[in-house]
Structure formats: C-alpha cells, structure tokens
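Note that subunit A is present in both complexes that follow, paired respectively with subunit B and with subunit C.
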Partner chain A sequence: MKLEIRNVTKKYGKFCAVKNFSYEFTEGVYGLLGPNGAGKTTIIRILADVLNPTDGSVMLNGEDIKDMDYRYRNLIGYLPQDFGVYKNFTAHRFLMYIAALKGLSKTESQKRIEELLEITNLKEYSNVKTGTFSGGMKRRLGIAQALLNDPKILIMDEPTAGLDPKERVRFRNLLSEISKDKIVILSTHIVSDIEYISKEIVLIKKGEILKTGSSESLTNEIKGKVWKVLTDENGLKTIEERFTVGNIFRNGNKIETRIISENRPDDSAEAEIPTMEDVFLYYFDELSE
Partner chain B sequence: MIKEEKKFDIEEMDLPEGMTTDYLSDLFSKYTVNMPDECEIERVINSLSEYIPQKTKWYEKLYKNFKYFIERWNISLYSISHAYWIFTLCLYIFGFYIVYSNGVNPYITIMLISPLPFVLGILEVIKGREEGVLELEMSCRISNREMVFSKLTLAGIYNIILNTLLSIMLININENVDILKVTMVCLTPFTFVSAVSLYICSKTRGYYSCMACIFIWIAISFSISMSPKYINRFFSIDFFQYLLILISGVLLLIFNTKKFLKTNVLEKEVN
Partner chain C sequence: MELLKDELYKIFSKKLIYAAIIILIIYSLFTMHEVGDLHIVKGAYNKYFEGYEGKIDSEKIERAKKFGKDIENMDFRENREEFFGKSLYHIEVLNIENHKENYSNWISKSEESLSKLEPNSYKYKVEKLEYETLKKTGYKDSIYYTAGWDEILESNSYIVFLFIGILIILGVSPVFSEEYNSKMDNIILSSRHGKGKLILSKITAVLIYCIFVVLIFSLFELITYGTLYGFKGYNVPLKNLQRLYDCTPFDMPVIKFYLIQRIFILLGSFAFGLFVLIMSSLCKNYLVPAFISGMVFLVPYVSDTFNFPVRKIFAVTYTDLIRLDGFGQGIDIINFLGNPMLYHNFLLIFIPVLYAVSISLIYFLSIRHQVS
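Showing the complex of A and B:
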C-alpha cells in the first residue's frame, strides 16, 4: 500500500497554507511534527478527503483518491482536530451512528463497539450522554470511532490532546499494536507521542517539509549541538538572550540549563545526547532562523 | 476574401528520382482495407454483445432505489434527535386540539403548522455543522451529501404524512371544511416556506437564520389570520390558477433543495 501526496498546494485566499507538498507513506506510523499554524491540519484534512487541495493530488496505489471517492473513504479512519459530538447522544449511540455512516452492519458494529469501548476505557460510560464527557473522554471516543471500520489508513489530528499520561501511554501502545498492516498518520506538537513509535517523522514549517527521518537519524543529526551548562540567575539571562534554551532545572542557587547551539557555548559546557525535543527546538526556534 | 484553393496533384509534384507514380500507387495498395464480409461482421457483433450491460427491469431499479433510501433513512433516524419527532407530533396534536375544542379556524391552523416539520428538519440537518461533527461525517463512506438529501426527504415525507393526517381529521370533525381548500392551504405554505428556508440556509448556513425563518413564518401567519380577507381572496382563485401556484412552489422547492445540497456539501470547505 502506498499513499502519496503529489505536489499539493492549499491556498486560503491569497494565503498559502501548504506549498507544493510531496510525500509518500507506506505501512507504519508517521508523525507530522510542527509548530502551531505550520499546516499540519490542512495536510491531514486533504488526506482525509474533507478538503480539496488548490493544486496537486493524493494517490493511493497510483489511483487518485478523488476518483476512488467512497472506495477511499471506506479505507480510512479519521479523527479531526476539532472533534465534535452530538451532545444528546450516548457514547454507544454516537458510535452506532458513525458505524452506520461507515457502512457497517448492525451486528458487526455492536461487536466492534463493545471491543472499542473496552480498548479506550469508556465501557462504563457507554450509556452516558457525550455532552457530559470531559475533554479527554471525548478524545477517546474520537479514537474509538476512527477505528470502527478497522481502517487500513488511520489519520489522526492531535489524537492525544487532552489525554492524561496514563491514557497517552495506552494510546501509544495501542497504535504500535495495530499499525503493522496500516498506514498511520499522526499530527502532533507533542514530541513524546511519536518519538518511539513512528517509523518516520516529517518536520513541517510554514506549509513545507523541512526535514524527514526516523527519530534516531534526526537526533543523530544534531549530535554535538546540545549542551548542559551550569549557571546562576544572572548567567541565565545572558544565556537566554544568546541561545535556544531547552529545559531549565533549578537546584538551589545553581541552575542547570539545556542549550541548543552549533558551537560549545561555554568552556564548562558538557555535550548531551540529543532527544526529539531538542530536534524540535533546533528546527523550530526563532533564533535558529 | 476567397482563399486560393490549393490543388494536390501527384502528376505535378516534384518527385525524387526513381519514385514514379506507378511505384507510389503500388506502395499505397498495401494499405488498402477490404470490406469484411457479412459473416465476419456478424461474428464480431455476437462476441461483443455479451459485454453490453443487460437492461435492468424497471421494477428491479425501483427496488434497488427503495432499498437504498430505506438504508439511508435508517441512518438518518440515528442523527435526528428524538425531540424533533416528539415536538412536531405534539404540534399537530395541539393544532387538532385547538380546532376541535376551541373552534379555532382550521384553515389558519393547518396553514401555520404545515411547513414547520420540514423547516425544523433543516435545523436538524445543519446541526452537524453547528456541533462540529460535520468534518467527521464527511470522511465517512456514505457521503455527507447523500445523508443531507436523505434527511431532507425523510423530513419532507414525514411532513406530508402529518399534513395529510391532520387534513383528514379536520375534515372528519367539521363538515364545513372543504377538502380542496385544506389541501391548498397546507401545500402552498409547505412548498414556498420550505423553499425559502432552504434558500436562506444555503446562503447563510446558520442555525439562527433557520430559526428566524420559522419565526417570520409564524408572524406572517398570525398577521394573515388577523385579516381573513386575504385567505378568502386566496380561496376565490380558480383551480388552474391554484395548480400553477402549486407547480411553481414544487419547482422552487426542488431547485432550492439542489442549491442547498451544493452549497452545504459539495464545497468541501471546513471553516
């Protein structure tokens, strides 16, 4: 299976949200990573066939998804970023409704919904109105509905927004379990969501691909650019002016800072092993532009 | 100006050496295609005919369409809230009750409520957009356009059934109620008010503009009920004039339904 974005451009009026974007997905987990307004949602919407690109096309195994129409939508599961529910529906009824829209039979959906409510830890809320759900519960309901038709292509826009750490881990494990024969595309700006499970990470900035690669190769690339510096309150100010600063750890009077810098910032600086968070800071910080 | 015609004559052409006209006609004769004989033509037609799709019988088509709509309507039932059915039903029961016990003018009553189930149905349709479910619905196998159409037809049929039932009941309790007049007074607002509401909602796509349509219609009906001369004048037109009004109402409704489907759904933009 090969899902291909071919020279996709999306304009809102004069503003260009996505510029000549091309990429190829095969089975596995992909993470679209980028700051707010980078164009992740726009690309995700085009992939989910809910938004038409201004230019370019999306092809599945060489066939334009616009020509495939419902045959394509039959293969996907989609979780929008702004996911809404009918407030007076119970969780179960909402899932039955979406299952029907996905063309599942009643008996089929009953079984599947039981499973999914279990997986997403919502079983006890099955007959509770979704209007009373918390943000995280709604998100989990969204994850459940995306999986209803056992999609071959799973597209999720910030799936973990609002999930507590425990649910986040559950979700990550669920994804790595089901992603063997699927194309899974996630967008996020939470690095830890995709750091360990994604085959490839796509860094997006201002509607264009900045860099792609596995988290290993991306972190390897900035090896020798991450430093630990011990300083005090006064020193911190100058450091923040001069460098991209990651975590700041205060320990009494001493302040331990993590700095992204091409060169050794200070004689006392120690080189650190880069993480994906450092990669994010390295590529998306204003200072490095 | 007449263009000078260029004649092509092989005799007059400057042919390269050794290329006589005889040589050329020999060369071209290789490409002559002979007319195939009857037998061969027959054989080709026969072998191709099995690839031509069989004409489906009309009742098979009808059954297919019927099944298709039942399926879609079944799904629509999920997303249309219970409150919608209960409220509209109560509206009709209330309408019947006030005519029956309070002697309110049956024509005015049926005129007022006859388009309401459908317009409230439009409200149910745009609910998805309002509640942010639309984007998700659009990504599903059954297209949003199909669903919107199915919900509208469901609301329309439900509306017509309610109108018919109420008309029959009103005719039964009051011998003075005329069947033609009742039909006129419920079908005319049903088609026109529905069409106008669809038009406004396809322009503004808003929940509130749909509500506004309902209130404006209620206001209009009340002002009509205050001056019965309008309704009397309406009843005095002859049958063919009325037929003309009805046909234009139906056409307007069809036209605006198409418009509504297009603006709401084909334009796949999420705001």
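Showing the complex of A and C:
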C-alpha cells in the first residue's frame, strides 16, 4: 500500500498554508511534527478527503483519491483535531451512527463498538450522553469512531491532546499493536507521542517539509549540538539571549540549563545525548510541551 | 435505513418544535374563541337545515320568496336563533337560483365565443378549457349543512399554512448547519456514505418531517372544527359546499377534495422544506437559513395582505404552494408554454421539476462543502 501526497498546495486567499508538499507513506506509523500553524491539520484534512487542495493530488496505489471517492473513504479512519459530537446522543448511539455512516452492518457494529468501548476505556459511559463528556473522554470517543471500520489508513490529528498520561500510554500501546498492516499518520506537537513508535517523523514548518527521518537519525544529526550548562540567575539571562534554551532546572542557587548550540557554549559545558525534544527545539526554536 | 433513523432522531429530538406546536395551537384556540358568536349563528343554521337539505326545487324557492315578504312582520327579538337560521337559509336558496341563471348565461355566452374564436388560438383554448371544465362540474344546485368542512378546507389558507411554514423552518434549518457548526462535518465528510447516502437520508428525513407537520395540523383542524361544527356533509359534491366552491373545477365529493388539498399542501411543504435544506447546506449558523427562509416565506404573505406590488414579480412562491389560497374555488388558468392549463395540473408538473432542481442543488452544495 502506498499513499502519496503529490505537490499539494493549499491556499487560503493569498495565504499559503501548505506549499508544494510531496511525501510518500507505506505501512507503519508516521508522525507529522511541527509548531502551531505549521500546516499539519491542513495536510491531514486533505488526506482525510474533507478539504480539497488548491493544487496537487493525493494518490493511493497510483489512483487519485478523488476518483476513488467512497472506495477511498471506506479505507480510512479519521480523528479530527477539533470535532463535534451530538450532545443528546449517548456514546453507544454516536458510535452506531458513525458505523452506519461507514456502511457497517448492525450486527457488525454492535460487536465492534463493544470492543472499542473496552479498548478506549469508555465501557461504563456507553449509555451516557456525550454532552456530559470531558475533553479526554471525547477524544477517546473520537479514537473509537476512527477505528470502527478497522481502517487500512488511520489519520489522526493530535490524538493525545487532552488525554492524561495513563491514557496516553494506553493509546501509544494500542497504536503499536494495530499498526502492523496499516498506514498510521499522526500529527502532533507533542514529541513524546511519536518519539518511540513512529517509523518516520516529518518535520513541518510554514507549510513545507523541513526534514524527515526516523527519530534515531534525526537525533543523530544534531549530536554534539546539545549541552548542559551550570549557571546562576545572572548567567541565565545571557544564556537565554544567546542560545536556544531547553529545560531549566533550579537547584538552590544553581541553575542547570539545556542548551542547543552549534558550538560548545563555554568550557564548563557538557555534551548531552540529543532527544527528539532537542530536535524540535533545534529546528523550530520553540518550546515543545 | 440506520442513517435515516438517526437523521429523524436529530430532527425530532429538538424540543423547540414541540414547544412551537403547542404555542401555535394554543394561539389559534384563542383566536377561534373570538369567533364564538359566529358559532351561535352556525348552530342556528344547523338547526334550521334539518329536513330542508338537498336539491333546490320550486317549492323551496317559493317558500324563500314568501319568507322575504313575511320578514317585515316578524318579531326576531323573540327567537333570534331561528330568525338567523331561517334568513341565512332562504337567502342562500335565492342565491342559488341566481347562480343557476348566471351559469346558464355564462354557458351560452361561452358557446357563442367558441364558435367565433379562431380555433387553435390561445384565447380559444382558454375559453374551451373553461367551458369544458364548468360544463362537466355543473353548478351549485343544493344546500347542505357543511359548516365543518367549510372551516376545515379554509383554515389552511387562513392561518394554518403559517404554522406549517414556521415548523418547517424551525425543524429543517439546522439539518446541515448544525453539522457544520458542531464540527461533525469533519467526521461525516471523511466517511464512506458521508457524501452520498447520508444526503439522501437527510432529504428523506425532511420529507417525513413535512408529512408529520402537515398531519399534526390537519388533525388539529379536524378535531377543533369537527367538535365545533361536526363532520356532516363529507360526501356532498364539492360545488354544494355553503361557501366559496360554487365554481370549482373539482367534480367530486368534499372528502375526496379534502384529501387532494392535503396532498397539495404536503407537496408544497416538502418543496419549501427542500428550499430550507438548500439554505441550511450553505450556512454554518442555523439562524441564517432560518432567517432567509422566514423572509422568503413571509414577504409574499405580508405583501399579499397589504397589496404590495412586490407580489407581481413572482407567479408562484413557496408561500403560495403551502397556502393554496383559493385552491379549487374557481377556474384558475396558467399559460404553460403556450397552452392553457388548470392551476393544479400545472403544479403537478411544476413541483416535481422544483424537487429535481432542489435535490440536485442540495447534493451539489453538500458534496462541495469543505471543513474550515
């Protein structure tokens, strides 16, 4: 299976949200990583067939998804970043509705919904109206609906936003479990979501691909550019002016800082092993969550 | 089927529509209360009709004429009800006698012009259609007590059409808008049936909702006027209703015409429902389609009421299609592609075309819709 974005451009008026974007996905987990406004959601929407590109196309195994129409949509599961639920539907009814939209038979849906409510830890809320759900519960319901049709292509926009740490871990494990024969595309600005599970990470900035690679190769590339520096309150100011600073750890009067710098910032600096967090800082010069 | 059930649930789970139905019904019960006096008159009418119903013959005409003379010596303070009943009845008898004369004059005049007019000219065709229709239906020749049906047939164009319009606007405006507004469109558009079957289910749900609305208010009319005046006269030929249908092109019993009227109201309601649906598929906030449809529905009504000239621009409005003002009461002829056509026959061509255009537009717009 090969899902291919070909020279996709999306313009809103004069503003270009995605510029001449090309990429190829095969089975495995992909992470789209980028700061707010980078264009992740725009790309995801185009992949989910809910937004038409201004230019370019998306092809599945060489066939344009616009020509495939429902045959393509039949293969995908999509979790939008920001989506609605019908407030007066119960979780079960909501999932039955989406199952009907996806063309599942009634008996098939019943069974699948049971499973998914279990997986997403929503079983006890099955008959509760979704209007009362918390953000995290809504997100889990969203994950459940995306998985209803056992999609070959799973597209999820910030799937872990609003999930507590325990649920995050559950979700990551779920993904590794189901991603064997699927294309899974996640967008996030939370590095830890994708650091260990993705085959390939796509760094996006201002609608363009900045860099791609596995987390290993990406971290390897900035080896020798991450430093630990011990300083005090005065020193911190100058450091913050001169370098990209990651974590700051205060211990009494001493302050331990993590710095991204092409060269050794000063003699006392110790080289650190880079993480994806550092990669994010290095390329986007912004703090990740 | 599953999709349709959910679409129906979305429409019918809105408390607003039930609140509106209750308010409108209470409102009209109050306005009905105001015509209570008329009710007394009707009661008198009813009483005096017993035994005098049926074809008008010379004996009845004589009696009516005699009543006209006796009236001067009558003391009607003594028995008001009987006086009202008798005078209404006898005036009606004399009216029918006049009507019969007018009718035969009209027929012979029409025959004359038909022989003079150029056959195949548009004027000739119009004259011929009128002649044949009236000849077939005949003229009003009897009096029956039909007060209930008079009211039932009229109440739609009097006020009930407004209720139907309002309910359709309230129920249908959110159908697409709410999906957009609640951001459900994301998930819907990415699903297999989101750009096909779902749209059909929404349209079907709107049809069922329109049937529901028309049924509810039809029942309301039947129950209120039925209890006030009774259902007597349901099998009388339409032309013999007490009011308004003397020159009807419909040659059939009242009950059959009533059903035809309901079907036409339903056809019009669904046409309007589709219009609201089009507006709904264009807007994110359902107040916008509600407002636009409200305007489209009310402006023709208001300009009819106050005789504004705007009215002349549109031959048929959605309001007309639901209101059916004057429907079946006279020979209404429309020039359809150079051929004269009875108005209701024209509607039977016009409405399906309107459906086809509306439904295509709904498909086109909602498939083209994108998330934002």
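Before moving on, here are some points about what is shown:
The rule is short, and it goes like this: the second predicted complex is superposed on the first by the 285 of 289 C-alpha atoms of A that agree within 3 Å, B and C clash if a C-alpha of one lies under 4 Å from a C-alpha of the other, contacts with A are read in each partner's own complex, and residues count from 1 in each chain.
Basically, a residue touches a chain if its C-beta (ideal position, glycine included) is under 8 Å from a C-beta of that chain, and two chains touch if they have at least 3 such contacts.
Please read these numbers as outputs of a predicted model, since none were measured by experiment.
Subunit B and subunit C, once both complexes are superposed via subunit A, clash. By the touch criterion stated above, A:Tyr70 is placed in contact with subunit B and with subunit C alike. Of the two partner chains placed by superposition, A:Lys182 touches none, neither subunit B nor subunit C.
Of the two partner chains, neither subunit B nor subunit C is touched by A:Arg140. In the superposition on chain A, contact of A:Lys225 is made with neither subunit B nor subunit C. When the two structures are aligned on the shared chain, A:Tyr86 is found in touch with subunit B and with subunit C.
In the superposed three-chain arrangement, subunit B is struck by just one stretch of subunit C from 117-125, 135-143 or 153-161, namely 153-161. Taken together, the two complexes place residues 45, 48-52, 69-70, 73-74, 76, 78, 80, 82-86, 88, 93, 96-98, 100-103, 145, 149 of subunit A in contact with subunit B and also with subunit C. Listed in rising order, the residues of subunit C touching subunit A in the complex are 2-3, 6, 10, 13, 179, 181-196, 198, 370-371. Subunit A makes touch with subunit B in their complex at residues 45, 48-52, 69-70, 73-74, 76, 78-80, 82-88, 93, 96-98, 100-103, 142, 145, 149.
Subunit B makes touch with subunit A in their complex at residues 74-75, 78-79, 81, 83, 127-128, 131-133, 135-143, 147, 268-270. Interface residues of subunit A facing subunit C in the complex, by the touch rule stated above, are 45, 48-52, 69-70, 73-74, 76, 78, 80, 82-86, 88, 93, 96-98, 100-103, 106, 145, 149.
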